[in-house]
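I have a structure here, written as structure tokens, and I will follow up with some questions on it.
Should a chain be cited, it is by its letter among A, B, C and D, assigned in written order, with residues numbered from 1 in that chain.
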Amino acid sequence: MKNTFGNSVSVTLFGESHGVAIGAVIDGLPAGIEVNEDFIAHQLDLRRPVGKISTPRQEADKFTILSGVFNGRTTGTALCVVIPNENTKSKDYASSYGKARPGHADFTAFSKYNGCEDYRGGGHFSGRITAGLVAVGAVAIETLKNKNIHIGTHIKRCAGVEDIEFSDYNKDIDTLSNKVFAVLDGKKAEEMVSAIEKAAANGDSVGGILETVVTGLPVGIGEPWFDSVESMLSHILFSIPAIKGVEFGAGFECADMFGSEMNDNFTYENGVVKTLTNNNGGINGGITNGMPVLFKCAVKPTPSISKEQETVDFIKGENAVLSTKGRHDPCIVHRARVVVDSVTAIVLCDLLSQKFGTDWLGEK
Amino acid sequence: MKNTFGNSVSVTLFGESHGVAIGAVIDGLPAGIEVNEDFIAHQLDLRRPVGKISTPRQEADKFTILSGVFNGRTTGTALCVVIPNENTKSKDYASSYGKARPGHADFTAFSKYNGCEDYRGGGHFSGRITAGLVAVGAVAIETLKNKNIHIGTHIKRCAGVEDIEFSDYNKDIDTLSNKVFAVLDGKKAEEMVSAIEKAAANGDSVGGILETVVTGLPVGIGEPWFDSVESMLSHILFSIPAIKGVEFGAGFECADMFGSEMNDNFTYENGVVKTLTNNNGGINGGITNGMPVLFKCAVKPTPSISKEQETVDFIKGENAVLSTKGRHDPCIVHRARVVVDSVTAIVLCDLLSQKFGTDWLGEK
Amino acid sequence: MKNTFGNSVSVTLFGESHGVAIGAVIDGLPAGIEVNEDFIAHQLDLRRPVGKISTPRQEADKFTILSGVFNGRTTGTALCVVIPNENTKSKDYASSYGKARPGHADFTAFSKYNGCEDYRGGGHFSGRITAGLVAVGAVAIETLKNKNIHIGTHIKRCAGVEDIEFSDYNKDIDTLSNKVFAVLDGKKAEEMVSAIEKAAANGDSVGGILETVVTGLPVGIGEPWFDSVESMLSHILFSIPAIKGVEFGAGFECADMFGSEMNDNFTYENGVVKTLTNNNGGINGGITNGMPVLFKCAVKPTPSISKEQETVDFIKGENAVLSTKGRHDPCIVHRARVVVDSVTAIVLCDLLSQKFGTDWLGEK
Amino acid sequence: MKNTFGNSVSVTLFGESHGVAIGAVIDGLPAGIEVNEDFIAHQLDLRRPVGKISTPRQEADKFTILSGVFNGRTTGTALCVVIPNENTKSKDYASSYGKARPGHADFTAFSKYNGCEDYRGGGHFSGRITAGLVAVGAVAIETLKNKNIHIGTHIKRCAGVEDIEFSDYNKDIDTLSNKVFAVLDGKKAEEMVSAIEKAAANGDSVGGILETVVTGLPVGIGEPWFDSVESMLSHILFSIPAIKGVEFGAGFECADMFGSEMNDNFTYENGVVKTLTNNNGGINGGITNGMPVLFKCAVKPTPSISKEQETVDFIKGENAVLSTKGRHDPCIVHRARVVVDSVTAIVLCDLLSQKFGTDWLGEK
């Protein structure tokens, strides 16, 4: 289903970059979850552009919860958050309509919607739409925290610079939760920012890899067919603009491993089943095995660059040259981070509700 | 939804490795598609184990179409294919129940289904269940051929050996369609088989990477949220046992690319919009752009190995040592290939039907 | 799925009677449909309370289209309409919380949502929520008109008074489209209003039956299992508060008919297949047969009455007496009419899209 | 979605009347439910034709459980039941193809499936397909019994004869469970059978009304939008061939009631909230209120009659006269009864799982 995803817990997304407002509806969350508006604002801030390495478009992201919250707690009915679009310089886009920006959806949107698409700022394809996911995802994240389930994502690699490995998952998750540029090693962060600024100065952009960990998940979540944990997560992750790869545990590295290396041997630790390694990313047969769930997303370099590019003008029906002077991010890896956390939380609330019921998820 | 996936075209899967039968239902295909039973048998043969590099379990995979076909053509109603399980040595498994095979779903299935799972041969988690997908997927593949849409997958990498690149997509697809071991370069194929046999002799197993191309897709298929082509494909691909990574176009390599390298510039070629490169894998904003769709799947090494492994016995509640002497494949990369083609065809039929309607897909 | 319904075209609903706003998202409509805001306002006006026979709560129902419309036409992406709640006298309700109003969802909402429900004015269960359906349904109605498909509903029976039969479907639909109190026979309308006012004066309320006709549907829409036209329509119709019965064609009368009376004989009329009677309501085997689709909905008398009623106080855990002095409608049959038209249009857009594709529905 | 219905618990249906086999897959039931094959056979027997008042087609309805059951208990994975078609006299139908039987789906199936439908015996539209629903529904009924939830249906009205009212729900359910002709009053049953036989002798058929009660449901099941208990039940009930009306509680009678009559006043009975009447059929705002759920279905007279009928030959494109000499039932009301029980059980398992989780439904 198009703008709606999920079964027991679902999310519906709407809005265009330069329309009246964007927003999202999350449905199926249990009643009684405390909704902390400051936390929603905090999460939205993590998604907002920062400093030199982001677009100068600075919006307050003032959101309004239209429904689903009463006396500070979820009611159990559909929760809608709306974020008005304020700083929209639409004229930047009108004149260039028809010139397909390489790597963007201009041409495919035009083709799919028969020329009726709202093309301003990428319209419904804009990364801005993810703010709705972040807003309602914040409530999903809070719901999971109640059950002692925690999610954290760091920039594993960006502009050719590699971050250090996770060392203590829950501590690292805590550290990352307040970092705008979510790198574990501060020095690596500086190197990445330098590399991004260098690319920006060159009119270019860079990509990277996000690595996510989820702790505290009970054993037995997910389905063998077709709603494996991998399937459900990848479905929503690949909806995030710029994500071109998703892998769990060892991921593509497993192609060169022997079975004896890849297999995660089991052992009892204080009466609880654990694995000695975690190459399968906490998932066996599509189902959580009680180990941390681990996955990585490849984020492509922002397609908006200042460098001159060859392209077509699909209105005029001729080849063209594109020289974008609008505002854009030389890197969105750090901004995508909180989107990944948000959609992960939504999917996990869904899978947990299916096994244990809506009521369980709301119990403390 | 659990054992059902898809919207306009959906597939439902059932069966256990050592139960009475396995099977699948495909629903939503147009009426009037010729159903070639020989082609279904051919596809099932591609999935079956071959020679030394596969399990000695040799089943005929005799299938019966129970419904949805009349006078050799699809009726437009649910098409069910059933494949009886014949060569089932269940006793191999009963005695070892409780000893979780590392990398397998024994422990998670036990946890999820409260000890009621059919544990024989992996039960509902067995790779054998994919035969149902291959059988109904064959009809989806034929449906697409009617619209001049073609799918092909080769073993890009296996046991450390790399195949050559695609050169001529449609010609390569044709060549691959009859290869049991789907490698473009015959010499590389031999090297891979040698490496697999070497691992097998060592009681071990190997993994690999499958690369798939789809040609002939019209522009405009897929959705920005949440049913992007990447989302829908990855959802069903990650249901295939052993798949731990999925990437489109340049995939994870994009992390180290500049925007100016990653962007696929557009150009008119005989009045048709093309891209000069295809790093985005034929997909912009989740929607097909008319270029070939390209993706890769990481297939982990078969978890069943002869080498002794440490594990737990979750029935006895104690640590244990596992030494599997049953039949198993040292590599399943080549067998997974046709499963990838099959689920790809099912998803594409779904996405095409949504845009153009069920009737369109059936027209010649 | 909870607050979302539909496949190729779906609707998502949110809001509470006394919250910030209510609204709806419609998704999957084709791009390029002209959106007439006056028509949306007109439809909302038909749903609003009128004169003495309705609640004095008079809200402007000022709506805002947040997304999915650009240059006056649908973009093909999710279209969200929001209607702020303005005239909310919440204090009317706070003091009486716990006293379950008979016929209302107070007690079931309390039980389902563990006491976290927004109880003000019925919260998410309020008839007011249907305004969202009417707003987005207006766009669905316009979409169908483009394809020459028309929907009309009259009050077949109310407060014991029976309207005349449809005589000329398309003419009647046209006439009804501007009537606030949708009765074909003006004299019968007056009788109904008198009877309603009499009940109101007595502190009581009345119910009725709505009869709907849809003309212009092509043959072949709907599914045998499980998405028959009857199934899809009844699903959404039974979501409308107060609807307690749905029947197609002869409906419950068929129980006393012989097969030879009930069967609709076929005949060719100018080369087109027609039926001589229409006891099956234009549907055979769940699929449209080209005749007008006909169905009726039973609307129960408004549960809010001024008469004293016995009930429980589920907060105090004791029996109680309820004497409601708040504002309420002695009849909602006439207001439910436009809701029935709206959801019917949404479901038909969905079923048409599935057969013919999203693009077809947008073509003129 | 077409041949699949349900969320947490879903059912998929396949098969044609004269194809190889029919069957159904139920998915999402908890693991550990004892599967009693005798009970399945018993339920199928209740659906089979009996004596003079049914078609002489007598099939054993020998079913095979292909999957989802291990050691006599559900595994928690997809449970598929297949029933071969044995006594198929296909030649009866081939010669008359093109002559649309009034009241049947011959013409609509032809139109929808572009002439590729399996027309033999009604194909996928045949009442025979409901045997699959009955088989898997039997497991759903057993699942509910474990939670002390019971379902019973009687023939409230048939051929103009009315049965007595329910007196003691659970006792009546028990009595009905073994009756092939499910009428509470034996004398009324005889009168109905006489009336049916009289119609049959006259080459005609009769319809009727089924009334269903469900006891033991907890408070709080169902959703306000769009998956109300009424919505979910009516959706699947209207898939049953011949059902043309569904009403809950007082149903259509509510149209002539005052609010003060229709409202069900609440009261505490031994500390539990009850209603003094049950005109709302145990459902307020789409959600169970703890009272028995009550609904009625209108079953049209069997469209297959011996009397000569006018119709069209859609192959020849001309008017025609139909004189059916094949075997058919003069009444299917009694046979539809067990189908109603079965689909009711499936839907309730779904709604219960959503609130309480899959695990809860399996607990004793």
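Quick note on the criterion: a residue touches a chain if its C-beta (ideal position, glycine included) is under 8 Å from a C-beta of that chain, and two chains touch if they have at least 3 such contacts.
Computed from a predicted model, the values in this text were never measured in an experiment.
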Q) From chain B, how many touching-chain steps at minimum until you land on chain D? A) 1
(Q) For the interfaces A-B and A-D, which has the higher count of C-beta pairs in contact? (A) A-B
Q. When the centre of a chain is set as the mean of its C-alpha atoms, what distance in Å lies between chain A and chain B?
A. 26
Q: State, to the nearest whole Å, the distance from the C-alpha centre of chain A to the C-alpha centre of chain D.
A: 45
Q.
Two or more other chains touching the same residue: where does that happen in chain C?
A. 1-4, 7, 13, 77, 112, 124, 224, 355, 359
Q. Which positions of chain C touch chain A when the two form their complex?
A. 1-4, 7, 10, 12-16, 19-23, 25, 27-28, 31-32, 64-68, 70-71, 73-80, 82, 112-118, 123-124, 359, 362
Q: Over in the complex, which chain D residues touch chain A? Could you list them?
A: 7-8, 77, 224, 353-360
Q | Complex contact set, residues of chain A against chain B | A | 1-5, 7, 11, 13, 100, 102-109, 111-112, 124-125, 129, 157-158, 160, 199, 203-209, 219-221, 223-228, 230-232, 234-236, 238-239, 241, 243-268, 271, 273, 275-276, 280-281, 284-290, 296, 298-305, 307, 309-312, 314, 317-319, 355
